[in-house]
Every structure is written in C-alpha cells, then in structure tokens.
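Report on the structure given below.
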Amino acid sequence: MSRPVLSVRNITKSFGGIKAVQGVSFDVAPGEVLGLIGPNGSGKSTLFNCVLGQYRPDSGEVLVNGRKVGGQRACDLNKMGVGRTFQQLSVFPGMSVLDNILLAGQEHKGSMLSRLFGPRDAGLTGEAEKMIEFFRLGHLRDTLAGALSYGQQKLVDAAMAFMAGPTLVLLDEPAGGVNLTMLGALKDRLIAYNRDHGTSFVVIEHNMEFVMSLCTRIIVLAEGRIIAEGAPEEVRSNQMVIDAYLGG
Amino acid sequence: MAQFLQVLLSGLSTGSIYALAAIGFTLVWQAAQTVNFAQGEFVMLPAFFVLIGVHWLGMPLWLALIFGLILSMIVLGLLFKVLIVEPMLPNGGLPLIIATMALSILLKEGTKQFYGAEAQPYPGLFPQATMTLGGAVISVQDVMNLLVSLAIVVGLTLFLNRTRTGRCMQATAQSPAVAEILGVNTRRMVLYAFLINAALAALASFLISPIYLAKFSNGENLGLIAFIAAIIGGFNQIRGAIAGGLLIGVLDNLTATYITAEYRAAIPLILLIAVILWKPEGLLGTSEGRNV
Amino acid sequence: MARFRYPALVLLGLAALILAPRGEGNYIIFIFTSWLTYSIAAMGLNLTLGYSGQISLAQASFMGIGAYITALLTLAGLPWIVGMLAAVAATFVVGLALGFPALRVKGHFLAFVTLAFNTLFFLVARNEDWLTGGNYGLSGMPRPNLIFASTMKNLPFYYFTLGVFVVAAALMWWIVHSPWGRAFKGLRENPVRAESLGVDTTRLTLLAFAIGSAYGGLAGALVSPLVQYIDPGSFALGISLKILLMVVVGGAGYFYGPMLGAAIVILLPEVLRFTEGYYLMIYATAVIVLMVFSPRGLMGLGERLWHRLTRPARQVRADMAGGAQL
Amino acid sequence: MKFKPFAASVAVAAVAMFAVGARADDVVKLPCVCELSGAGAVSGTNFRDGAHIAIDEINAAGGILGKKIVMTDMDTQSDPQTSRALVQKAIDDGAYAIMGTVFSGSTIVNMIVAQQAGIPQFTGAEAPNITEKGNPYVFRTSSSAAKGVPALTPYFKDTLKASKVAVAWVNNDFGKGGHDVFVSQMKDAGIAVVADVPSEQGQADFSADVSKIKAAGAQAVFVYLNEEEAARFLKEAKKQGLTVPLVGEVTLTGQKVIDLAEGAAEGAYAHVGLATSAPLAPIQDFVKKFHDRYNRDTDHNGIKGYIGVYAVKYATEMIGKIDPQALADKLHGLTLDAAKYPGMLLTTSWDKTGELSRESFMTEVKDGKQVVIGTVPAN
C-alpha cells in the first residue's frame, strides 16, 4: 500500500482539565474521502485544528505526506500540499472570482521576487479558467465574489482550496447553510474532482445525507475517542453511533 | 522630597482631568466602537459655551455652567451621535475616523471664527488659596480637581454597576445582540453613553479651563492624551482610564523634573507603544473585552 | 477600440500634466509641484492602507526621514540621486520595522502605534539639533543638477518632479497589478483565508509598510529641494493626518484615488481662499458629508455615479428577464 | 445669521478682485502674507489689522505717489511651506512689497523667494537668524531677539545683581532663538544659568518647570514663552511661591498675559521693543484707533503691521517712484524720525542687514497694568 497522505497517530489534547481528544489515530490513503462526524463537543474541531497545526497536541503526532505537522504557519502547511475550506464564508469579497482563484494558485508559482516581475496572472489564467468552468462558475468569472449567492461563494471557496493542486483537502462543514439545489451541485463537483485528480479529502460535516453520499470511509468521534469507523452504510447501522447521536 | 511631592501632587491633579476625558472616550468606544479623534475638541468646546453664557447672555456663573453642560450634551452627545456616528456606522471604522478628524477641524475653526483666536481667561470654580503639605504647595484647585474627578468616577461606577440602566448599558457594550434579546433598548443605551461622554467632557472642560485657559486649539494636546490614557489604562475599563490619566499626569511631571524636559512628551508615547504591543488590553484591562 | 481607451486616457493625462504649467506663474507651478510630491506620499500610504488594509498615521514621518537624509547628504555636497536612494532605502528599512507592530495589532491600535511613532520622530528631529538643526531646521538645500538642465528655476523643477512622479506611479501601477497586488488585496480582504492559501501574510504585511514608507521617503527627497527648508513641524502628526485624508477622500484602494485626493486637499484651499477663515470649516463639513454618503471616497462616488448612468440599460434587461420568467 | 460674515467676505473678495483687475496699474499692491489660522493666528491677525488701518489712512490721504494701496490677505495657516507658496503668489500677482510673515519659521523659508524676486519684505518675525543670512530684501518691523535680549543683560547684571539665573523657554523656533541669545549673553556676563527649562507648546502643567527653578536656587528667571504658556507659568510660580524676579522679553508683561494670569503677573518685568502701553501719545492713539475699529485690543503685532505699511509709504515717496529695488536700497541705513514721519510712531532706523533699531522700554506689571519703568535708547 502506498504511503498515507495523512497520518494521525495517537493524538491527545486537553484544555484545562477537559480532554478534548484522547488517543485518536487514523490514516488517510491517497484518493480517499474520509468523513469525520460526531455530536457537538466530540472533539472534531480540536482534531481538525491539530491536523492544521493550529493546536499543538499534548502527545502524538500528525504526518502529512510523511512530514510532521506542528508549529508551521498556515501558509507553509498549504505549501506542503494541504488545502482547506472554512466553516464561515471565506472568499475575498472585493475581488473578482477570477482574482480569487488566481490568488489561490499564484503563491505556489516561483519565488516572491519572480512573481513581482513575472506575468500579472502568474501564468495561471488558463488553469484558473478551467477551475472556474469545472465549478460551473464561468458566467461569473469577472463578478465580485462578495456579490455572489451564498452557495456560489461556497463553490469559489472550494475551488480556491483545489487551485494549488493539493494532495489533501480539509473541508470544514462544506454543506453548512447551502440550499438543496446548490448542495447537489457542490457534492457532484467534489466527487468529480476527487475522481479526476485523486485528491484526498477529510470532511467535517453535520449533514448526514451529504457525508454519507460523499465519503468513502467515515470515522465517528464521541467524547474525544473514535467509537466507530467504516464504510458509510456500516456506520449508519452501528448502534453505538446511533446512541451517541441520540445522547444514549 | 518636597520637590518630588510637589510634582507628584500637581501631576495627580492634572492627571485626574485627563482621566475624565479618557473615561468618556472609553464609554463611546465601548458603546459604538467609535474612536473619537475629536475628543480633545469635546473638552475644549464646553468652556466656550460657559463663556458665551456669561459674557453674551449675561448669566451668572452657576447658570452658565448648567447651560454649558446641557448644550454640550445636546451638541457633543446627541447631535454627534445622530448626525455623524449613526449614519456612518455601517461604513466601518476608517470613514468614521476620518469624519471625527474632520469634526475636530470643524469645531476648532468654528470656535475660532465665532469666539476668537485668542486665549480667554476662564473663571475658576474654586478659591485661589493654597496650602502647604510636606514642603509642597498645593492649591485648593488642585485638590478639588482630584476630588471632583474621583467623585465623578465613583459615581459613574456605581451608576454602571448598581442601577438597572447602568447594567443595561454594560450589557449593551459587551454584546449588543444578547442585550437586544434580553429586551434592552440598545439604541437608548448607546445614546446614554454618548450623553455621558459629552457630560464628562464638559466637566473636564470646566475643571481644566481655569488652568489651561479657554482657547480653540486646546484640544490638540488633550485629545491625544485622552487616547493614550485610555489605552494605557485599559480600553474596556473605567478604572483603567482613570489609572491611565493619573499615570500620565504624574509621569509627565516626573520625567520633566528628573530625566529630560526635551523628551517629556515622548514618555507617554513609548509607554503607549509598549502597552499596545505587550499588553493590548491595558495595564488594568481584562483580556476578554479586548478588540484587536 | 476599448483596449486602446485606457492607454489613450493615460497619455492624455500625461500630456495635460506636461502642458499644465505652461504660461502659469510661479505660484501655480509650486502648487502643482507640491501636488505631485504629496501624490507620491499618498500613493505609498494607499498601498499600505488602501490595498493592504493596514492603517498608518506615520506617513509624514517617513517624508521627514527622507527629507532630512536628502538634505544632509546634498548639503554635504553629494548629488541628489545619492540622497534620494539613501532616503528610499532608509525609509524602506524603518517602514519594515514599523510593520512589526502590525503583525500583532490591527485597526485602531495600529493607528495609535503609528501615531506615536510620528510624534516620536518629531521630538527627535526637534531635540537632536546637532544632526537635524533642531527647531531652526535645515535650509539652502541645492536643487538637483541634471546633465541637460539646472532645476533651480521652478518650471524645470516641476518637470523633474513630474519625471520622478511618473516613474513612481508606473512602478506602483506595476506592483498593484502584479501578483503582489492581488496578495496585498487578499491581505486586506481576508488575511486568514489568504494565509491558508499559501500567502505569507507576515512578509506581505511588512512589505506593505516598507514599500508604502519608501514612497514617503521618496516624496521627502523631493520636498527637501522643493522647499529648500525643512523643520520638524513640516513633518508633524498633522501632516500625516493630511496625507491620510488625501487617500481616503480620493478613494482608498483605487489607483488614482491618492492623486485625486492630493489634488483636492492641496487645491481646495486655493479655490476656497475667497471664503477666508471659513474655508477650513467648509472643507471639514464636506469631508464629513463625503464620509457619510461615500465612504469609498470620491473615486467610489464617481464609480457609483458611473454605474447609475450606465445602469438604466441593464435595468431594462433585468426587468425583461423578470417579465419573461413570469 | 451665522453666514453673514461669510457672504460679506465673498462680496468683499469679489469687489476686491474686480477692482484689482480693472485698474492694475493705478494701484500699489502690498499683499499681507500672514498667519490668519493655525498656531499663529492671533499674531498674524493683529499684524494684518494694524496694516489695514495704515492703508486706509494712507488711501484716504491720497495713497502713495497718488496711487491707492491694495492689500490682499493671504493666510499661511501658520505653515512654512504654504507661506512660501503664498509669497510666490504675491510676487506673481505683482507685489511691490510684502507684509509678513510673523512666524520666524515661516519667514526664514519665504524670504528666500522674495530675495530671488528682489521684492522687499517687511517681516514681523523676531528670530535673530533672519537678518543674519545676508538677505538684502528683508526688513524687520520690530527688533530681533538678538537685539532685545541683550538689552536685558545689564538689568540682570547691574540692577538685579544676579549671579545665578534660570531660563524657562518654549521649545520651538521662537523660544529656541531667545534661549540661545540669552544663554550666550549670560555666559559673557559671567552669570551662571543654573536651570535651563524647556517646555512644550501648549503645555498645561508647569509645576515641574517651576519646581526645578525653585530647587536650583536661581535669583532671577528669564521667561521666554508664548502668551498662554507665560500666563500658566506665572500662575504656577505664584502658587509655588517663587518670589525671585521674573523677567521676560515682550510677551511677559503684555495685557493679554496680565488678563490670563489673573493677578499672577503682578511684579513681572519685561523688555518691550514695542509696547502697546508705552506712555507715548502716538502709540496710545494707535491703540485706541485699533480698539475703535475692531472692538478688541491689539498686541505689539498690530503696531508692526501699521509701521511696516508706513515705512513703505515714506521710503517710496523719498525715491519718488514705485521701484522695489530702489525701495530696498533706500531702506538700508535709513532713519525715519517720528516727528517728521508720524506714521512710524517712534523714530526708527534700519541697518545694512534689515535689522531695526529704535527706542525700547523696560516694563513692569503694577496693579494689573503694564507700566513703563525705564527707556532703553536705540542702539
């Protein structure tokens, strides 16, 4: 088996006396779409932030493509091949859709100095347009991102996460607040992207329907531990999961 | 020792007036996230209202003071909020900063045009008597300035903590959305903050003008010192603002006496930078209200 | 045709700048030169504030640092170009240092740190008279001697300043339209998102200050020979506020905003001169009204009016589309 | 009602512009470039208003060589760079001579422009360095600190017999100028300066300043501050019981300071080049004229503006033509006797550098009034 894209090894993190994550381990294989679910306070967000290097775990380690995560700035983590989206809307509202996408790619082209003297689009217009087309936003290319609908902005956000060709993308509640029509479009595009490029995803999501249909494997967290793991249909019928969600 | 006591006590007296301006500044900041670059002019102007009352309308001093206080609350409280801050809040911070800078020019130039460019003698509220304490000479005015300022601060603190209106104001300052849900009339609470700010500025004006003399350009220094005092002490705390004001008043005098007169103005600024960089919540502030 | 319209307009503007002082008196030429100088300083602040979203109230102190360095070096007999390069380099470095607080604090707090810096600069310039001439300032700085002409007279100096201005503006245009410009805007719009997309926001914040400050230094290098007298008061906090006003009144984040703003701030007193003491009041009131109705300055106002003029056609289409759906 | 002055000034400006445009050759242009707003507004406004009194008098009496004088007011906003531009503008508009500026920091900048154009300039500034630059077109309307402060040296040395003195000065170009002359004078006279106390412009609390002087044991204090600061200093000195003589130059015993200090100015001394309180009929007449016209009292800056305009009239009539170069040449070394030239108020002479010399006064504050206690002859 090839090396995992993401390797979480025995992570523990507590705040004060509260253990938010207790000894969680899992791997994400290339091309895999992993769903991370669990009730509120189960430790999803803490785990997510450990993976992103925002929190330093008390013990255990996180490896991305075999390199240890921790202490890097967000921009360096991104350069290690980790893309992400945000729970809240996270586009650049005063810039056009094209500029949003270009910005997402340009920092991976050449050095800072060469970018100043190089072409104005860092040679990325073609690639960016393809990405925009892929997310079916072609007609909005020159519209300010702030003027788009909520769902459209979510698409831009996702497109930005993919623009630098990451090996791993962390999607933080991608379905939150998106209407049904848009949700279908978003899911369709994410699946298509995963199929075409083999990028691994880790998805945190509350919307069960969405997670079940998007992910190939699901990990369920409760009280900081993994209580279930497996294919969507296995997890769906697992009694412990049902209990955890129903507060049993 | 006598010299030390002398400059210390004088510094406390001047500092207490800085504190009044700083508190008003803090209140408006909390209520409407407004950094008022015209705060100095807010302290300059009420003295002229009083002078107008005395010299143009022939009022006795006590009546002129009330007249000045009410006029200040209308012009610098109500009108400031309704005409400038309110229409601009949706536009974000920067336009409001620029607008208050423009307002400071407007108030300064307006005062100059309508009352004159020269400094005006201003009636003192207290007798000119002095007393000696451990070799230091203190005037009644100094002592009263300090006492009145402290009394105002204590009164204000009691008002904010012990009365329903005061607690509603605090709730509004901390979280307008939550306060709204709890049935607080937040718009009115914000208005109160502006009115109290105007009243405090007016009182500071009445106390400082006998020393400072009434002049259109007085606000330039005062406004800056009020900011510095508010930030050093703690932006979200009334006691922070008074500590900041007193600290600056004293520090200024001690620096000028014992270290350097040329750089006396630099010390508060260096302190300001240090506080912002290493303890942005202020020396007495608490970190939750911090807004960086 | 449309793709030629912009360059044609720029050329037209340049021609206007070249022809403007023809046949004008010294005073008007001085005002124009002063406008170009302040435009350069405001352009720099526009990069820091308008494009990158980092407020700075210290632009006058950078003009001051640039002006003093240029003055000291040219008074020591070195050519202006050396003074200018030293001024730009020094302000770049100091600006970089002033950028560090911006990594920790934002908004009002940053405004106060930079404000304090400006006043500290004033105190140093006033008190260290062995270097800066103190209160008396420095005077008699020579104007640059070009190979083909002396700039002692006002008209040649105007063209000299215009040349520097055009180069500075072209450079700025290049920066804000390069990937750097996009990254600066990203820093302004959403720093957290920018960082997560690989934008090194630390380096970028420092650069936004450093480049903006270097433009202040360049403007200072021009003030020195223009006025041929500098004193601490010429670079006090009030001047920083004036430059900030230029940027915001013109339109922060628009390339031509600072130039328009500088024109307004410098020329308006001339236009309103007949109102005597009232002009500052009129001016202040106008600024307040502008901030209420168009926080994005005159450029923003112009943009809105332009859209309003051009929108009717679109609105008709939108109505038709709505009708068709019904 | 508020906007009446505004409307009036628009009308006046329009009429003035029309008048100038219509008969440009028949008038003598004497623009007033001075501080009408900003920090120097008080001085600048008095200077201008004094000048306007002179102009109206001269025009009523037929003008200069039969031509009317037109004065345009130009506001420097107390900013040196603006003042330079305005002097340039005044020259572009065809100024015969320029009145102003009052701020030394502005004059030092804008006099270069007047020099380059060869236009005489009558400055109200008192900093010594203005007439030390070899500019042949700048003329003072009151003597400089370099002349005024030394007049005090004998007072400290002989009258007060002080061996230890202190100096309190405002740390700007005005204060620094006086301070530097004073310190070098004391050094020459063998008097020790035991406390050297600079203060900030607009400073509120002078307790540190006064306590330092008290602690240093000075026998007399030289106070070189602007009016409001001087008043605050005097109040603090009275409060802390600083009983040694307080001696100033020009401002300290001015009526404004006396009013502002509310009794604390009592007993202060000052050397005054031009005292509005001088017990001389011409000066008192002028002070009254000023008050009648503007309904406020002038300081010595009003007199400066007044005599500046008259100096132009008298010297021009001596040379018999409107010629800036000839005017400048004529003024160097000229003495105008007040008996023959009443507009000068006091007999006045200019030397080769444009420095002015005339009789001056020692004054003291007694019973809330400035009283002349001695006369210092012209030097």
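The first chain written gets the first letter, and so on, giving A, B, C and D; residue counts start at 1 in each chain.
Throughout what follows, a contact is a pair of C-beta atoms (placed from the backbone, for glycine too) under 8 Å apart; a residue touches a chain by one contact, two chains touch by 3 or more.
Since this is a predicted model, take the numbers as computed values, not measurements.
K.L.:
Using the mean of all protein Cα atoms as the middle point, what chain has its own Cα mean nearest that point?
P.N.:
Chain closest to the assembly's C-alpha mean: C.
K.L.:
What's the distance between the Cα centroids of chain A and chain D, rounded to whole Å?
P.N.:
74
K.L.:
Quick one: chain C and chain D, Cα centre-to-centre, how many Å?
P.N.:
Computed from C-alpha means, the inter-chain centre distance equals 37 Å.
K.L.:
For chain A and chain B, what's the span in angstrom between their mean Cα positions?
P.N.:
Computed value for the inter-centroid distance: 50 Å.
K.L.:
Which residues of chain C are in contact with two or more other chains?
P.N.:
Residues 126-127, 277-278, 280 of chain C touch two or more partner chains.
K.L.:
Can you list the residues of chain A that touch 2 or more other chains?
P.N.:
Where chain A is concerned, no single residue meets two or more other chains.
K.L.:
Identify all positions of chain D at which a residue touches two or more other chains, and write them in rising order.
P.N.:
Within chain D, the residues that touch at least two other chains are 5, 37, 171.
K.L.:
If we use the touch criterion from the header, which chain pairs count as touching?
P.N.:
Applying the touch rule to all chain pairs gives A-C, B-C, B-D, C-D.
K.L.:
State the interface residues of chain D toward chain C in the complex, per the touch definition above.
P.N.:
5-6, 9-10, 13-14, 17, 36-37, 73-75, 77, 79-82, 84-86, 88-89, 91-93, 105, 108-109, 112, 129, 171-173, 175-177
K.L.:
Which residues of chain A touch chain C in the complex?
P.N.:
Residue list for chain A touching chain C: 73-75, 78-79, 84, 86, 90-95, 99, 102-104, 106-109, 112, 115-118, 120-122, 160, 163-164.
K.L.:
Taking the touch rule as given, give the residues of chain C at its contact with chain B in the complex, in rising order.
P.N.:
Against chain B, chain C makes touches at 49, 55, 101, 104-109, 111-113, 115-117, 119-120, 123, 126-127, 241, 244-245, 248-249, 252, 277-278, 280-281, 283-285, 287-288, 291-292, 295.
K.L.:
Quick check: in the complex, which residue numbers of chain C touch chain A?
P.N.:
Spelled out, the residues of chain C in touch with chain A are 175, 177-180, 182-183, 185-186, 188-190, 192-203, 253.
K.L.:
Can you list the chain C residues touching chain D in their complex?
P.N.:
Checking each residue of chain C against chain D gives 25-28, 30-31, 34, 126-127, 134-137, 139, 223, 227-229, 231, 233-234, 269, 273-278, 280.
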